[in-house]
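Pasting the structures in now, so scroll down.
You will see two complexes here that share subunit A, one where it goes with subunit B and one where it goes with subunit C.
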Partner chain A sequence: MAAAAELTLLEKSLGLSKGNKYSAQGERQIPVLQTNNGPSLTGLTTIAAHLVKQANKEYLLGNTAEEKAIVQQWLEYRVTQVDGHTNKEDIHILLKDLNSYLEDKVYLTGYNFTLADILLYYGLHRFIVDLTVQEKEKYLNVSRWFCHIQHYPGIRQHLSSVVFIKNRLYTNSH
Partner chain B sequence: MGFGDLKSLPGLQVLNDYLADKSYIEGYVPSQADVAVFEAVSGPPPADLCHALRWYNHIKSYEKEKASLPGVKKALGKYGPANVEDTTGSGVADSKDDDDIDLFGSDDEEESEEAKRLREERLAQYESKKAKKPALVAKSSILLDVKPWDDETDMAKLEECVRSIQADGLVWGSSKLVPVGYGIKKLQIQCVVEDDKVGTDMLEEQITAFEDYVQSMDVAAFNKI
Partner chain C sequence: MKLFVSEGTPGSLPVLAAAERARGRAELLVSTVGPEECVVPFLTQPKVPVLQLDSGNYLFSTSAICRYFFLLSGWEQDDLTNQWLEWEATELQPALSAALYYLVVQGKKGEEVLGPVRRALTHIDHSLSRQNCPFLAGETESLTDIVLWGALYPLLQDPAYLPEELSALRSWFQTLSTQEPCQQAAETVLKQQGVLAFRPYLQKQPQPSPPEGKPITNEPEEEELATLSEEEIAMAVAAWEKGLDSLPPLRPQQNPVLPVDGERNVLITSALPYVNNVPHLGNIIGCVLSADVFARYSRLRQWNTLYLCGTDEYGTATETKAMEEGLSPQEICDKYHTIHADIYRWFNISFDIFGRTTTPQQTKITQDIFQRLLARGFVLQDTVEQLRCERCARFLADRFVEGVCPFCRYEEARGDQCDKCGKLINAIELKKPQCKLCRSCPVVKSSRHLFLDLPKLEKRVEEWLGKSLPGSDWTPNARFITRSWLRDGLKPRCITRDLKWGTPVPLEGFEDKVFYVWFDATIGYLSITANYTDQWERWWKNPEQVDLYQFMAKDNVPFHGIVFPCSVLGAEDNYTLVSHLIATEYLNYEDGKFSKSRGVGVFGDMAQDTGIPADIWRFYLLYIRPEGQDSAFSWMDMLLKNNSELLNNLGNFINRAGMFVSKFFGGCVPEMVLTSDDQRLVAHVTLELRHYHQLLEKVRIRDALRSILTISRHGNQYIQVNEPWKQIKGSEADRQRAGTVTGLAVNIAALLSIMLQPYMPMVSATIQAQLQLPPPACSILPTDFLCTLSAGHRIGIVSPLFQKLENDQIENLRQRFGGGQLEESFKLKAKAAPKPAAEEAVPTARPQQIQALMDAVTKQGNIVRELKAQKADKNQIAAEVAKLLDLKKHLALAEGKPLETPKGKKKK
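Moving on, here comes the complex of A and B:
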C-alpha cells in the first residue's frame, strides 16, 4: 500500500474530515505533508503522529512514558523492518518474532490500543492476506492480534477482511 | 458450553485453549462476558498457560471500569467452547434454593401446580401435532450406468428390460444413451428409491440378470434427497 493511501486511511479512522494532500519524495516514495503555516513533514510515522495530535487522540501515542517509548519502537519497526523487507523468507522470520512477542499481549503495548497497532496492521495486511491456513495457524498469536485489530471499529475500512478459521486444523504443528 | 471448573487446572486448560486465538471471551471488545469469567477464576493462571494469563492480566487492567463494560452478564456455563459439558449450572442453583427461606410456601406450591398443568397441556399438544405429521421417508436418487456387450446389442431392448424391473419404492426416471467408443453406447438411467425398501445391491442383481444384454452396471451417482 502506498504511504499516501495509508495515511488517508489513518485520517479516516481518526475521524479527521479534512483530506490532506501528500506528495512523494525520492526513490522510496517517502510521503511528505506540507502544513499550512510551518515546515513540511516527512516520513510515514512523523506524519501519522502529527495526524493523531491533530485529531486530539494523543492517547494513541501511549499513556505512560514507557508506553510512549514502546509505541515509538514499533513505529520504527514498522518502517525499518516491515517496509524494508519484501521477500518471503524475511517476512516469515519477522512473523515468527512477532508471534512470540504477542504471546502474552493483546495489543503491541500490552493493554492499550495505540497508533503502533494501526500502522503495523496496515503494514502487514498485504502479507497476511497471502498466508495459507496452516501459516496463519502457525503464527497463532499474530493471527489473533490481526483479527482483533481488523475488527476494531473504523480501522479496516476498504481493506479486505482476512478470514481466520475458528477451529484449529493442524494440532501437531505447535 | 462452559469451561468446567475454573478453579482447577483442567478448567484453566480449557480456558487457555479457548483464548489461544481470541483476545476476549466474546467478540472484539471487553464485555461483561469477560468480567463473569474473570470473577470465576480464583487468581492469575500459571505462567505456562500463557493465553489464559494474558487474558487475565488484560481484563485485570479494566478493573476500575468493570461495571461500565458493555453486555449483560450471563451464567458462566453460557460462555466458552461449545463442546465442553456445562458443569456449573444446575448444581449451584439447587444449593441456592435450599438456603432460601420459604415465606410464601403455599402460594409457591399452587403456582407450581398451575405450571405443571400448563406444561402437561403443552406436551400433549406437541405430541398430537407430532403424531399428525407424516414420517419422513428417506429417499435417494441414483444414476446407473448399464453397459452392453458390444455395439450390436439392442439398446432399446436393454432399456426395456431395465425398466421392466418393478419393486415397491422404486421409480424409474429419464435415461439417455452415452457413447463410450467404437460405436458402443451405454445406457445412463435415473431412478428414485426409498432407502428402506430398495438397495443398490438388489438393483445390480436384477439388472445383471439380463445377461443377454447387460455386460455390467455401475452406480454413477448416488444422492440422498
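Moving on, here comes the complex of A and C:
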C-alpha cells in the first residue's frame, strides 16, 4: 500500500473530514504533506503523528512518558523493520518476535490502543493475508492482536478482512 | 530502570549522552554487557543498548531510549523532532552502517567510505545553514542533536570524514562533541581506540547492502517552506516595491575582456577536449557545459568574466588519426577543431574564446616556462626505458599501450593512467603490455628524456594548497585526489616524448623530441588567451586580482591541482593559480559507459539529429550532472524530466501566468495590491532566490537548478489556490484579486526567465521576448525578487515553451544509440585477451568483476533457454551457446584462485 493511501485511511479512521493531498519523494516514495501554516512534513510516522494531533486524539500517541516512547519505538519498528524487509525469512523472524512480545499484551503498549497498533496493522496487512492457516496458528498472539485491530471501529475500511479460525487445527505445534 | 550498554556498539553513544537528562528524575542503573547478549527476551537478534523500565517493558530502539530520557525531563514531542528521528532511522542509519562497515571491517578509505553518507551529511549541513541556528531545533541542543550526534560520532570523530566544505555541519558537530555528556559518552564507548573500538561489534553484523545503485535524482528533497519572520517579509516586500530602479547600471561590454581594478575578475576555463575525438555527453557535462553555466551566471552577477576553452591538438593520437585518414596532422586538427566548435555552438556554449593549442603562442609560452624551470634547476635528465613496438616500428605513446594496472590490477589500464584506480602509470610498469594497434607485445628500448623534478617542488605546492584550499570552493573529489597525491609523495615526471607532432624542446640534444602533452596542454589555457589578447598576462600573471575557476572531470584533477601548479610555481613568474578546482564525477550511459568504438551512447554531433532542442539537452544533462557521485544518462528519465519538470511544472506555470495577462487583462500587467499571503510568497521566492545564489556561488550547479523548479512549483500552487480564472468573473474586489495574482505570477515568471538563463539560454530568451522584459532586467540577476513588470507593462505574444516527449520517439532513440552492452563488452575483452593468459598466473579478479560475470552467465543462460524453448534457429542457438561458454570460461578464470585474491589484498 502506498504511503499516501495509508495516510488517507488513517485520516478517515481518525475522523478527519478534509482530506490532505500528499506528494511522494524519492525512490522509496516517502510521503510529504504540505501544511497550511509552516513547513512541510516528510515521513509516514511523522505525518501520522501530526494527523493524530490535528484530530485532537493525542492519547493515541501515549499518555505517559513510557507509553509515548513505546509508541514511537513501534512506529520506528514499522518503518525500518516491517517496511524494510521483503524476504520471507526476515518476515518470519519479525512475526516470531512480535508474537513473543504480544504474549501478555492486548495492544502494543499493553492496555491502550494507540497509533502504533494502527500503523503496524496497516504495515503487516500485506503479509498476514498471505499466511497459511498453520502459520496464523503458529503466530497465535499476532493473530489475536491483528484480528482485534481489524475489528476496531473505522480502522480496516476497504482492506480485506483476514479470516482467523477460532479452534486450533495443529495442536502439536504448540 | 536499568540501562544495558555495551562497549563498542555505536548505539551506546547517544543513549549515554542523553541519560544525563534523566538524572535526578529516576533511578538509573547502567550495566555493561557483551554485544552478543540477548537482553530483550522477545527479540531473536541481540540488541544493545536496551533500557529495561520499572514496569518490565523494554525499550530497544536507541532513539526511543533517548526520547524517553528527554520526556522524563519534561520535554514535549513535536513534529520536527519526529521528522528528524524518522529520517535518522530510515535514511541516515542505513547509509552510516554501510560507511562504517566499509571503513572498519573492510579497511576502505576516503570517498569509498564517505560516498554512501555524503548525501545525508549534506542534508544536515543544509538544514543547519538554512535556518542559521547552531542546533537542529534552534538555539539550544535538543533530542534531535543528541541522536544525530551519536549516530555520526563513530565516523565523524575522524576529521578525515568531516568534509571541510560542510562548514555548518562541522561546527555543529564540534560544538556537541565538546559538551560534557557527549564527551563522557564518547570516552566510555570508544575507550580512546577511535573507530576501531567498533570493530568487534561491526564484524559480527551482516554486510549492509550499499545504498548505491540508485540513480541520482534531483527530486525536490526538501521543499519545506521555511518559517519567515515578519521582518524578513517586510524586507522582501520593500525590495520588491523598489522594482527596476534598484538595479545597478549595466556594465559596458569590453572587447577584449580584461581584468578591471576593484572589480571581481573571474577567469573560467574548461578542460581542453582532445581534438581527435567527438565529445560525448559525459565530456560535455563534465567541463564545457558546467563551466558555461557558471560563466553565464557570473556575467549575470555583473562580474568581469572571461570564459575560455579550446582543442588540445598535439600528441600521438593526432598523428595516428592522421595516418588513418590519410591527412596531415594539421589537417586533422583543422577538421576536428571545426567539429568541436560546431558542437559547442549548437549547445550554446558562451565561450569568449574557443582556441587551439597548435599556435606559435603555445610554443613561445611553453618554451619560456620550460627555460625558467631549467634555469632554476627543476628539470632533470635521465635515460628512459620506453616501450617500442617493433611491428609498428615506433615508440608507443602511453595511450597506445594497454595492460594490467600494477596498482589495482585492472586489466584495461592505459599506459599513462588507470581508469579504475585513477593512479598515474609509467607505461613500462604495466603488466602484460600490448600495442593497442597491432596487439603485439612491445619491447623496452632506452632514450634520453627530460623530467620535471616534482619532489623539489612538492613543498611549494603544499604550501600554496595549505593557503588556498580552506575557504575555497574546490569540489570534495578534487580535494581528496590532490591530498592523496601529496600524501603518496611526488615523483619526477617525464615531460618529453619521441614524437614529431608537438611543441619542440628548445635544448641541445633534444631537437627530435617534443614536449609531452600533459606538460603543455595546460599551458594551452595561457596561449589561447594570448591569441585572444596580447595583454594575456593581465589574466595569467595576476593572482591578486583574478579568481581562476577550472572545470574538468575528476581524471584531470592531478594535472590541474598538482602538476601544472608545480610547473608555474617553479617558473617563478607570478602566475595566476587555480582558486577553485571544480571536478565532476563520471556520467554513465544507461547501464554502461559511453564508448565510441562500440557505438554506445550519444555523442555531441548526434544530439543535433535527435530533434530534441539544445536547451532540453542542457537541462537534462545539468539535472543529472554528476555532482558528488557518478550518475547515468537514461532516455526514459530524460522523457520523464522533460514531461514532468519542464512541461508540467516550469512551462505550465510561465505559460499560464502570461496567458492570464493576455486573456484577462488585454496584454497589460494589472495593478497589484499585495495581501499578507502574497507578501509571504514574495518573501519565499526571495528566500529561494538567495538559496540559488548561495549554491551557484559554490558552483553547486545541479542543486541550484532545483531552486528554479521550486519557485515555479510555488507559483503553480499559488495560481491553483487563488483561481484567478474564477475571480475574474466575480465582483470588482474579485477582479482586483485576479489582477494581483496574475501580476505577481507573471513577475515570478520574469524572475524565472533570468534564473534560467545560465541553464537554458534559448528558452530564457524566448520567455523574455514573450514577456517583453525590459533590457536591463534581462542581463542582471539581483539578489532580491523585484517587481520588474510593473502595472501597465505590455507583454508580447505568449505561446507554449516545451514539447512533450513521446514514449515511442524516445524508445526509437534509445535503440538507435544502443545501451545495455554488457555482453558486447565481454566479447571485446575475450577478443583482446591472448590465449596463453589462461595458463599463466591468473589475473586477479575483484569480487565485483566475478559478480558481473556471474550475472552475465545467468543472463546469457536465460537467453539460451528461451531460444531453445521457442525452438529457434539452430545457428542462432549455437551462437548464443558459444557466448555462454565463453562467459563461463571467463568466470572460471576469474574465480581461478578465489582464496588468494582477498588475502593478497589485505597483506598490502
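FYI, the second predicted complex is superposed on the first by the 174 of 174 C-alpha atoms of A that agree within 3 Å, B and C clash if a C-alpha of one lies under 4 Å from a C-alpha of the other, contacts with A are read in each partner's own complex, and residues count from 1 in each chain.
The working rule: a contact is a pair of C-beta atoms (placed from the backbone, for glycine too) under 8 Å apart; a residue touches a chain by one contact, two chains touch by 3 or more.
Nothing here was measured: the structure is a model prediction, and the numbers come from that model.
Considered on the superposed subunit A, subunit B and subunit C are sterically compatible, since they fit side by side. In the superposition on chain A, A:L61 makes contact with subunit C only, while subunit B stays out of contact range.
Of the two partner chains placed by the overlay, only subunit B lies in contact with A:R144; subunit C stays clear of it. Contacts of A:Y111 after superposition on the shared chain: subunit B is touched, whereas subunit C is not. Within the superposed three-chain model, A:Y122 lies out of touch with both subunit B and subunit C [touch as defined at top]. Of the two partner chains, subunit B is the only one that A:F164 touches; subunit C does not reach it. Contacts of A:Y22 after superposition: neither subunit B nor subunit C is touched. Within the superposed three-chain model, A:Q73 lies in touch with subunit C and out of touch with subunit B [touch as defined at top].
Contacts of A:Y152 after superposition on the shared chain: subunit B is touched, whereas subunit C is not. The vertex angle at subunit A, taken between the C-alpha centres of subunit B and subunit C once both structures are aligned on chain A, is 150 degrees to the nearest 10.
When the two complexes are overlaid, the chain among subunit B and subunit C that reaches more residues of subunit A is C. Here's the short version: in the overlay, subunit B gets within 13 Å of subunit C at its closest Cα pair.
Shared contact residues of subunit A, touching subunit B in one structure and subunit C in the other: 103, 110. On subunit C, the positions that touch subunit A within their shared complex are 41-45, 53, 55, 57, 59-61, 63-65, 67-68, 71-72, 77, 79-80, 82-83, 85-87, 89-90, 93, 214, 217, 219-227.
Per the touch definition, subunit A reaches subunit C in the complex via residues 25-28, 30, 32, 34, 38-46, 49-50, 61, 65-66, 68-70, 72-73, 75-77, 79-80, 93, 96-97, 100-101, 103, 110. Interface residues of subunit B, counted against subunit A in their complex, comprise 20-23, 27-28, 50-51, 53-55, 57-58, 61. Note for the complex: subunit A touches subunit B at residues 103-106, 110-111, 140, 143-145, 147-148, 151-152, 164, 166, 168.
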